[in-house]
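Every chain is named by a letter (A, B, C, D, E and F) in the order it is written, and numbering of its residues begins at 1.
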Amino acid sequence: MRTEGRQWNELRPVTISMNTNKYAEGSVLIEFGDTKVICTASVEERVPPFMKGQGKGWITAEYSMLPRATQSRNHRESAKGKLTGRTMEIQRLIGRALRSVVDLQALGERTITLDCDVIQADGGTRTTSITGAFIALAMAVHKLNQNHEFAKYPITDYLASVSVGVIQEKTLLDLNYEEDSKAKVDMNVVMTGAGKFVEVQGTGEESPFSRQELDSLLAAAENGIGQLIAKQREALGPIGSRIGVTLV
Amino acid sequence: MRTEGRQWNELRPVTISMNTNKYAEGSVLIEFGDTKVICTASVEERVPPFMKGQGKGWITAEYSMLPRATQSRNHRESAKGKLTGRTMEIQRLIGRALRSVVDLQALGERTITLDCDVIQADGGTRTTSITGAFIALAMAVHKLNQNHEFAKYPITDYLASVSVGVIQEKTLLDLNYEEDSKAKVDMNVVMTGAGKFVEVQGTGEESPFSRQELDSLLAAAENGIGQLIAKQREALGPIGSRIGVTLV
Amino acid sequence: MRTEGRQWNELRPVTISMNTNKYAEGSVLIEFGDTKVICTASVEERVPPFMKGQGKGWITAEYSMLPRATQSRNHRESAKGKLTGRTMEIQRLIGRALRSVVDLQALGERTITLDCDVIQADGGTRTTSITGAFIALAMAVHKLNQNHEFAKYPITDYLASVSVGVIQEKTLLDLNYEEDSKAKVDMNVVMTGAGKFVEVQGTGEESPFSRQELDSLLAAAENGIGQLIAKQREALGPIGSRIGVTLV
Amino acid sequence: MRTEGRQWNELRPVTISMNTNKYAEGSVLIEFGDTKVICTASVEERVPPFMKGQGKGWITAEYSMLPRATQSRNHRESAKGKLTGRTMEIQRLIGRALRSVVDLQALGERTITLDCDVIQADGGTRTTSITGAFIALAMAVHKLNQNHEFAKYPITDYLASVSVGVIQEKTLLDLNYEEDSKAKVDMNVVMTGAGKFVEVQGTGEESPFSRQELDSLLAAAENGIGQLIAKQREALGPIGSRIGVTLV
Amino acid sequence: MRTEGRQWNELRPVTISMNTNKYAEGSVLIEFGDTKVICTASVEERVPPFMKGQGKGWITAEYSMLPRATQSRNHRESAKGKLTGRTMEIQRLIGRALRSVVDLQALGERTITLDCDVIQADGGTRTTSITGAFIALAMAVHKLNQNHEFAKYPITDYLASVSVGVIQEKTLLDLNYEEDSKAKVDMNVVMTGAGKFVEVQGTGEESPFSRQELDSLLAAAENGIGQLIAKQREALGPIGSRIGVTLV
Amino acid sequence: MRTEGRQWNELRPVTISMNTNKYAEGSVLIEFGDTKVICTASVEERVPPFMKGQGKGWITAEYSMLPRATQSRNHRESAKGKLTGRTMEIQRLIGRALRSVVDLQALGERTITLDCDVIQADGGTRTTSITGAFIALAMAVHKLNQNHEFAKYPITDYLASVSVGVIQEKTLLDLNYEEDSKAKVDMNVVMTGAGKFVEVQGTGEESPFSRQELDSLLAAAENGIGQLIAKQREALGPIGSRIGVTLV
């Protein structure tokens, strides 16, 4: 049995608190167990220089951890004067994943920035961030739609993410920090509401893994993501009603 | 009357939620109206190089705002690669203020870092941070004391801070962002439980102020800080019982 | 008695040498005892991006110390690749203080940058800088006025600054480095020719101070600033004749 | 048919030139078609601070592209003053992948740094780098072994990498730049000589992919990597003879 | 005799391989003995801001060494976040030297950037870089001329560079790394095909040198540069036919 | 005739004011016409890491210009966060030049840092800096010698520097800024009291120069440096008495 009494294929308790920020166009405090992330969506009516004049929008993400989000205090990246490779990798992943379910043409020339700030970390901060950022994004697009209805709704599907791993021949879903440290194989998966893969990132730094293990990991992730998307639907309610529904 | 129906000399509602972080030695979410700051205290059993070998401890602070803590999104200082002058000024102020009520000799060779992360800003982020950081500091010192009782208790007094300002000849207590933008004079005051001044920082960039106005501002601040310290006492309860009580 | 045979309420010898730079629109070498600062004013016919199109001007300041301005050599901030918090705090203070006596509308869309470079430091570098920068600013505005008379003269009043502090229950005026190191309370005050306060920055890091001490410090500062402004008037002579005189 | 007349499941011509650097402990110029990477292995008899005193070694990698490795010239990261997220992500991947086939305990307290410098880029620079870096690493470990035979040989298996992608429903092996720009799905796979997975990184930013597509991609990668490892064996010859052979 | 059996006034073997890069407008791999430099010329149809609107072109250079170009591995400047003084000095020298034989007016508003990347270093990397960069530059200008014949050919003369030095009273031509380390005087000379000096940089850090030694060094350099220009002419062949020939 | 009524081979007026800084071990304000540089020498009883344990000392230099040292204001390098190539090149030159007349063994394990801060620039700032820095260095070594007589005096000879150039076929000595802008050839020469060359840096960016011109430039420089060293001797008086005199 797992430290928290969980089954191998069981998610940690998921909590979604919406509208936690009075300024942001979308905001959520999302919790996967003791991992807590504030996600905000900020809309700006312009696109970065490399996107200008294409009539398309842009979705980007930034990720950070508060210094004491972890067991021992980390130095702030702002004080060090640069982002770590880990931070850059994670925020590139979040942005890329979200763009896979957004029709940038339909969005129009505007940028939505998703800020994912980890206020407490206990494993799975990137998967929690993606799952929460999707909700904040959906809130912001809904708000834009209220002001001026989109001809084609820019969000094409739901999106969530979960981690899976292998510990002592067992396939575990949604690893906490302690489990993550012990896992021989570590995989993060991002999937859509339609059950398609957006990102599959598996690493066997400690020990390469077989095709059979890979299949088992993918199955566990698919199961977990299905549950997470159900929670997103519930939290968003009518705000999510037009996601993936295209007017022709 | 003020935008929120407050009296000129009335504080905004103050909320103090303790133990918001499972790792930190002290943690609090403090709110002055819509200004919300997470303060954590982290204890490390070593001092910075310039303090080594003196048998004394050190108290330092770091301050940051989440990008969407404000009306429009700010760039992250970590992405810009450097701290702004405003951030440096505020974190130097917080650290200096807290050290004024700590006996560094009594603390012994350890460092307590207070992280003040503003998750929503509506004026007074530095005064809210100081007031909350004191609580997180008191929690951390209390925890250290439980493990090994200090001969002399290192916290010598309570400490809180409030802003005051002048708008149209009126002296206002605890300005929100809108009021702060309109104020001709802007002052931040830090005081102790014994009613002494630790910091007085008044600026009349828009319009220099008279001695009479200064006296009126100081009186309003003294009044507000008294109320804030009462709230700190209430929140800390027995944790604060040895503050300022020296064993001889 | 003080180390230099001064009275408690006595300024150090003040020396003002004007036109020390052949290129700058205003320049002065100002000395408060052994503290020596070169102040230059540079006029540019444009404003920073955040001020554009408002028809208003801008006053800003930069501050630096030569590496061997002090007892032991400091590393250059240019070599370290970033400004210290202390430098940022001081240059923000200088700029803010000067702006309080400038009518930015009357100045028109141009920027005056005051560079304060400390070539020798013996306490009070920020107060010396403000007092000297005001003179360089007045010279530059006078020169602008010669080319094209301002309808409304942009400098609305004189401005000077001094430090005060408490050592062994005594209130001292204009502390040198040695005194500054010993002072329990340290305060910098900026005032106008009309006797109004522009900045009051008092710190009791070592020991909080009473209201009575604060009153005594403010009185000493008021007295010192009066003398400094008299010296500024003398140095500027006819160059200062239109300061604070508005044509209607 | 593909632009270069290749079959869907055909690698580009692979060229491996060893000992291209007279100083490095291992060096190779590796070419996958027009993608050309210089890989050098540098041995240092010390480990990074976080590894000290554990009796274990460390393998790390750095990646860079010459400014004109690409169609249009890129700015140097050294001139920009920071590494891009892409560079950091790639060099973290290379290091992690190589460590999966190294027994750090057997290596002893030393660091081997693999520098992968792309002198011409035509798609697949990260997979070419990993495949070439493995050869340089094997050369360096062989040289160490000649000086002092390892009790347990530190390289536990062969390792190579290839890219796969989907264009118009077809699964392509080893994409060049033009193909990579058109691919809806893009996947990089790293595998060992024993046919185990070390890294699986698949991205469907443009269009999420099905489980069936994923299976097809993995099969193509497995096939390509088998061929690449055969070429590594051929190039290394006797230098590779002890890889994966443990003395008990 | 010299370590490699060379005469005092003998160059190392010079190898020039052209068209080593499929994207660059000009490219060459140049070798002075074991010193190997990749030089590419990149043409951009714009000039830097400070040159805009003058109807003139610009020639600039960047220089870098791969980390393991040398005996022991160097840290990457991109990872350190800044260029060393040595790198800046060398790339300023290369650009300045090349501009001396280019008629910027005749070139028209475009920039040619010469990238000199040292893949193996054994002394004389800056002289090898200048000599190779001239060839890449000539290739790029030739290519521009093919598209649209220049009224006046922008390259006014050949240009090459060599190092000379003094070891034990002997004047040596083209020092390798070992000789360079022992030399009391170290001089780099850049000359044109017409035998004029473009740069003379002599340093006697270890021991100041007499006028007689200086004359001897200049004579040796003149001799070596003549030979290098002969090799450039041979390598460029018809590509160099219009260099220095002005249509009137 | 030259703008200032000078002869072609005439230096500008040279002024040397010693002991301008109360903290530095050596200090001088040196003026070549309107070029004014503050040079200070700072002694530290340790050497940089790369010199440790060799029983030898180190001489290094830093160079900077105040923002308004020039006609139009320059941005501070500290605010830009990095040194320009020009600054690095100049400070490397100053340090190298001074080391050529110092016996580092005789100096012992200590570092002398020469700070050259240009407070007004009118051409020749690097030659003025070298000439002034030598004086500050001599003062510092003299002071060290007073505390503890050196067995062998560490300064082996005098050292000064001057610029020369060619304008309209004339060879000019000690160019001011206006002349420097017009010169086709620009050369900086550093020589010792014994008339030996330490640095010869000639550049013909605008127009390559003949051997005959080079000879004429060197002769003019030799003449000018002779005069500068006479002024150094006069300024130093008895402080310079042991320079170049070795006790055996």
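The rule is simple: a residue touches a chain if its C-beta (ideal position, glycine included) is under 8 Å from a C-beta of that chain, and two chains touch if they have at least 3 such contacts.
The shown structure was predicted, so the numbers you read here are calculated from the model rather than taken from an experiment.
Asker: What are the chains that chain B and chain C both touch?
Answerer: Chains that touch both chain B and chain C, as defined above, do not exist here.
Asker: Relative to chain A, which chain's C-alpha centre is the most remote?
Answerer: Farthest by centroid: F.
Asker: Suppose each chain is reduced to the average of its Cα coordinates; what separation in Å results between chain A and chain F?
Answerer: The answer is 60 Å.
Asker: Rounded to a whole Å, what is the gap between the Cα centroids of chain A and chain D?
Answerer: Roughly 29 Å separates the two chain centres.
Asker: Averaging only over C-alpha atoms, locate the centres of chain D and chain E and give their separation in whole Å.
Answerer: Spacing between the chain centres: roughly 34 Å.
Asker: Residues of chain B that touch two or more other chains: which are they?
Answerer: Correct list: 81-83.
Asker: Going round the ring from chain A toward chain B, what is the chain order?
Answerer: With chain A as the starting chain and chain B following, the sequence is A, B, C, F, E, D.
Asker: Can you check the complex and tell me which residues of chain D touch chain A?
Answerer: Where chain D meets chain A, its residues are 82-86, 88-89, 91-92, 96, 99-101, 157, 187, 191-192, 194, 196-211, 214, 218.
Asker: Across the complex, what residues on chain C touch chain F?
Answerer: Per the touch definition, chain C meets chain F at residues 21-24, 27, 34, 38, 40, 42, 44, 62, 64, 66-73, 76-83, 87, 113, 115, 117, 119-120.
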